[in-house]
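Below are the structure tokens for one structure; questions will follow.
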Amino acid sequence: MMEIVRMIVVLSLITGTAGFVLSGLKVWTSPIIESQVLTYVQGPAIKQVFSDMANDPIADRKKFPKPGGGPEDQVIVFPILKDGKLKAVALEGAGKGYGGDVNVIVGVDTSTDTVVGISITTHKETPGIGSRVSEPGFTKQFRGRTLAQAKLKKEGGAIDAISGATFSSIGASEAVKQVTSWYTALKDSIKTTWQ
Amino acid sequence: MIAESVITLFGLGFVSASVLSVASRLLAVEEDPRIEVVTEALPGANCGGCGFAGCEAYATAVLKDPSVPPNRCCAGGPDVAKRVAELTGKAAGDVEPMVAFRRCVKVEGKVARKYDYAGATTCAGAKLLDGGPDACRYACIGLGDCVRACPFDAMWIEDGLVHIAPAKCTSCGTCVRTCPNGILEIIPRRARVMVFCSSKDKGKAVKDVCEAGCISCGACVKKCPAKAIRMEDDRIVIDHKACLAYGPSCEEVCVKSCPRDILRCLKPEYIAPAPETEPAHFPEESHVVDLNA
Amino acid sequence: MDIFLLFISAIFVNNILLAQYLGNCPYLGCSKEKSVAIGMGAAVLFVIVLATVITFLIQKYIMNPFHLGYLQTIIFILVIAALVQFVEMFLKKMVPPLYKSLGIYLPLITTNCAVLGVAILVQRKEFDLWTSFLYAIAASVGFLLAIVLMAGIRERFVVTRIPRSMQGVPSGLVMAGIMSLAFLAFKGMIA
Amino acid sequence: MGSVASEFTKGLWKEIPPFRLVLGLCPTLAVTTSAENGLGMGAAVIFVLALSNVLISLVRSIIPKKVRIACFIAIAASLVVAVEMLMQAFAYPLYQQLGIFVPLIVVNCIILGRAEAFAAKNPPHLALADGLGMGIGFTLSLTFLGSLREIFGAGTWFGHSLFGPNYHPFSFLVQAPGAFVCLGIILAGMNFLSIWQAKRKGLELDPNFDAGCKGCMACKKMDEIAAQKRLERLGAKA
């Protein structure tokens, strides 16, 4: 019996200590990890949309309450500044594609309310078929569209879906639609934040 | 977050340790404690010389199966046999002494050859190539798998044929399990007659490939007054127990009846029990069954 | 059709052993004897499926609600280790014949990276429970196939002349490389 | 037991994993597509191996025998989680490259193998030396294998182009089959070296020089099972 008690105590103590140390480490590293993830996943996508940036949108990012979400849900907005003034913003949205979520960075010009461009960050579409949504042939179509135009043709927009990859195209378009709806809701608070 | 992590991991450690310790109590399997004792008494080499898969398997068998003798451990020798006999309550001495025996007389020219084999020098390797280089599928291939397998150095190859030194043979049966053609057999050392062919082919097929093989004529089966000989798959099987029980009064009528001279009396040197002390050099004649006798 | 594709992909194209390099230690250690390979493969199949389902439920109902995703590794491996040990004891007592054919391999499976690998992979691929279950079966069938094929080939090694320095692990690895090359051909099936 | 120095250096050549002790094959094969990945993986393993050796050696007297393995796994796993977080925070691209093989360090038999074979029986300073030596040996092997595969398979080394644009890379090497074949040939080379050395010095060759995973209890057990099955099979035939 003594042996069983000892077994239980030693093993629970080891795991308990591990839990304590690790959660401490997590608290310390989580902000660093977050900015690392943004730099290496969203960063390149933002750079692709805005070829000339004067600031670092990752470092200047701000969180806003998610429109229509719970009290804890947040949306990250990446500002593109020129001479200290807000020129455009980038947001990331997600839409359900064929294999899973298609995550898209959408750049929106704040003065004209038009789409500057989009870039796919992550997707799980079939290689060679659905994955074509991340190719310029598809993403280029969004350039310069107004918010209302930035959806598929069959929904009344101006974008051609990729033939044979309808679900993936819908996923990407859903993601863009999500961003435009967030942008519309947050437009005023965004503008007051960065002037 | 810290509290949740600590509680979850602590709980996980606690639950798994408790489940395992309780399970180890509830699910403990009772094993015959004597198995461990007998296993301890064995050398623990797991050589398989006893014919069982390792020392523990033999210990289990010798305890549970009354027909398994206590002296099967070749690596341990008589001391271990005595100890196992004590532990199991079996008599060490009431076991028929056995010896390995080669059921083939393939010598140069008697078996036709299909091709010259130049592959890996193992019988198993040669066997993979169209059943071996000999026309007879049951002939000794002679590349010495059994020689390498023999834990007691009791075999060697001569003229493409395996030879057995009965004095060194402990009848462990390793060679029997190794031979890909199954030409080796464990027989009682007292055996009087033995058949020197293991072919399962019919008479015509044997005649085509071997000058000496058994043609399954069945003469010996008919002649034997003890009914100790029978045919199984066109292969002669001798019931040594019945043969020995009948005794020498038949005057080996089976040997005389064989038209191919494939059934022979065994030389007394071969069938005699192994001498206590091993001679430094085994005399040429006495260590093999003399095929031309 | 999707299930069919999942199976083909996990067994042939992305074979867990030959394309994803998971579970190489038992692959080399257990592939000398065909019967051992079958036993090991079956035991791995059993454990992978069981572990994947259990860790999936733990992830979904304990870790996700409490935001403990970062403890995935430690929680999964402890659960797998305890599970394997428990199953071993259970089989020994309750189903001795099964223990004799599978149980002896169980202690070797805790440190088989294929088990933890599949459990983590289905989380990273964000499969649902049913797909995870199917994927676990498909991946371990792939393991079984690779290890049994390998054992069949390596049994022949015994009767072959191999240079002394190539005997054992090196020849096994080169053999695995050639098999992996053969399995690469299946990539053409899904493109 | 030997001195700190000898425990440290044995991991660098005499028992260098995975070339001599065939331990930890999965990451060795999987992450060595480039020298950088090999180095990064090696660094993570050094961290986990050295610390787990020290921790296990410190608590070795209070661990009950029956839950020994579970305790070792718990300690190794928490270190792996720590490495995972640190890597994400400070070397995110590497973390992305190594992918699933970072959490899989915990089941790398090198960790449990050294814990069982060395740390559980020796004082902390020796365990640290052993862990560091083995870890550095592992890193060297991985970097070597990674370099080999990267140089010939992609024509680059640590990302720098070596042979100019006209070089046609032997891309077989950076794919899965190349990993197996490459490691197999290196192991054969190590064996060849052992045989040659033994011959030159006129020494008897250690019959177990290529016995494989010496420090790993799983492999030993597997060999036993294989031997037993073989006997069973042959017994059934007879």
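Chains here go by letter, A, B, C and D, matching the order in which they are written, and residues are numbered from 1 within each.
Going forward, a contact is a pair of C-beta atoms (placed from the backbone, for glycine too) under 8 Å apart; a residue touches a chain by one contact, two chains touch by 3 or more.
Bear in mind that the values here come from a model prediction, so they are computed numbers and not experimental data.
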Checklist outcome for this item: Label-sorted list of chains bordering both chain B and chain D is A, C
Checklist outcome for this item: In terms of mean CA position, the chain most removed from chain D is B
Item to check | Comparison of A-C and A-B (more C-beta pairs in contact) | outcome: A-B
Checklist outcome for this item: Taking each chain's mean CA coordinate, chain A and chain B are separated, in whole Å, by 73
Checklist entry - When the C-alpha atoms of chain A and chain C are each averaged to a single point, how far apart are the two points in Å? => result 35
Checklist entry - Can you give the whole-Å distance between the Cα centres of chain C and chain D? => result 20
Checklist entry - With chain centres defined as C-alpha means, what is the inter-centre distance between chain B and chain C in Å? => result 38
Item to check | chain A residues counted as touching two or more neighbouring chains | outcome: 7, 10-11, 14-15, 18-19, 22, 26
Item to check | Junction residues of chain C - those touching two or more other chains | outcome: 70-71, 74, 78, 81-82, 85
Checklist entry - So which bits of chain B are touching at least two other chains? => result 1, 4-5, 8-9, 12-13, 16-17, 20-21, 24
Next on the checklist: Which category does the touching pattern between chains fall into here: line, ring, star, complete, or other?
Outcome noted: complete
Item to check | Residues of chain C touching chain D in the complex | outcome: 18-26, 28-30, 32-33, 35-36, 39-40, 70-74, 76-78, 81-82, 85, 104-105, 107-108, 110-113, 115-117, 120-121, 124, 163-178, 180-181, 184
Checklist outcome for this item: As the complex stands, chain A meets chain D at residues 3, 6-7, 10-11, 14-15, 18, 21-22, 25-26, 29, 32-33, 36-37, 39-40
Checklist entry - For chain B, which residues are in contact with chain A within the complex? => result 1-2, 4-14, 16-18, 20-22, 25
Next on the checklist: Considering only the defined contacts, which chain D positions touch chain C in the complex?
Outcome noted: 22, 25-27, 29-30, 69-70, 73-74, 77-78, 80-81, 84-85, 100, 103-104, 106-109, 112, 175-185, 187-189, 191-192, 194-195, 210-213, 216, 218-219, 221-223, 225-226, 229-230, 232-233
Checklist outcome for this item: As the complex stands, chain B meets chain D at residues 13, 16-17, 20-21, 24, 46, 48, 51-54, 57, 173, 176-178, 182
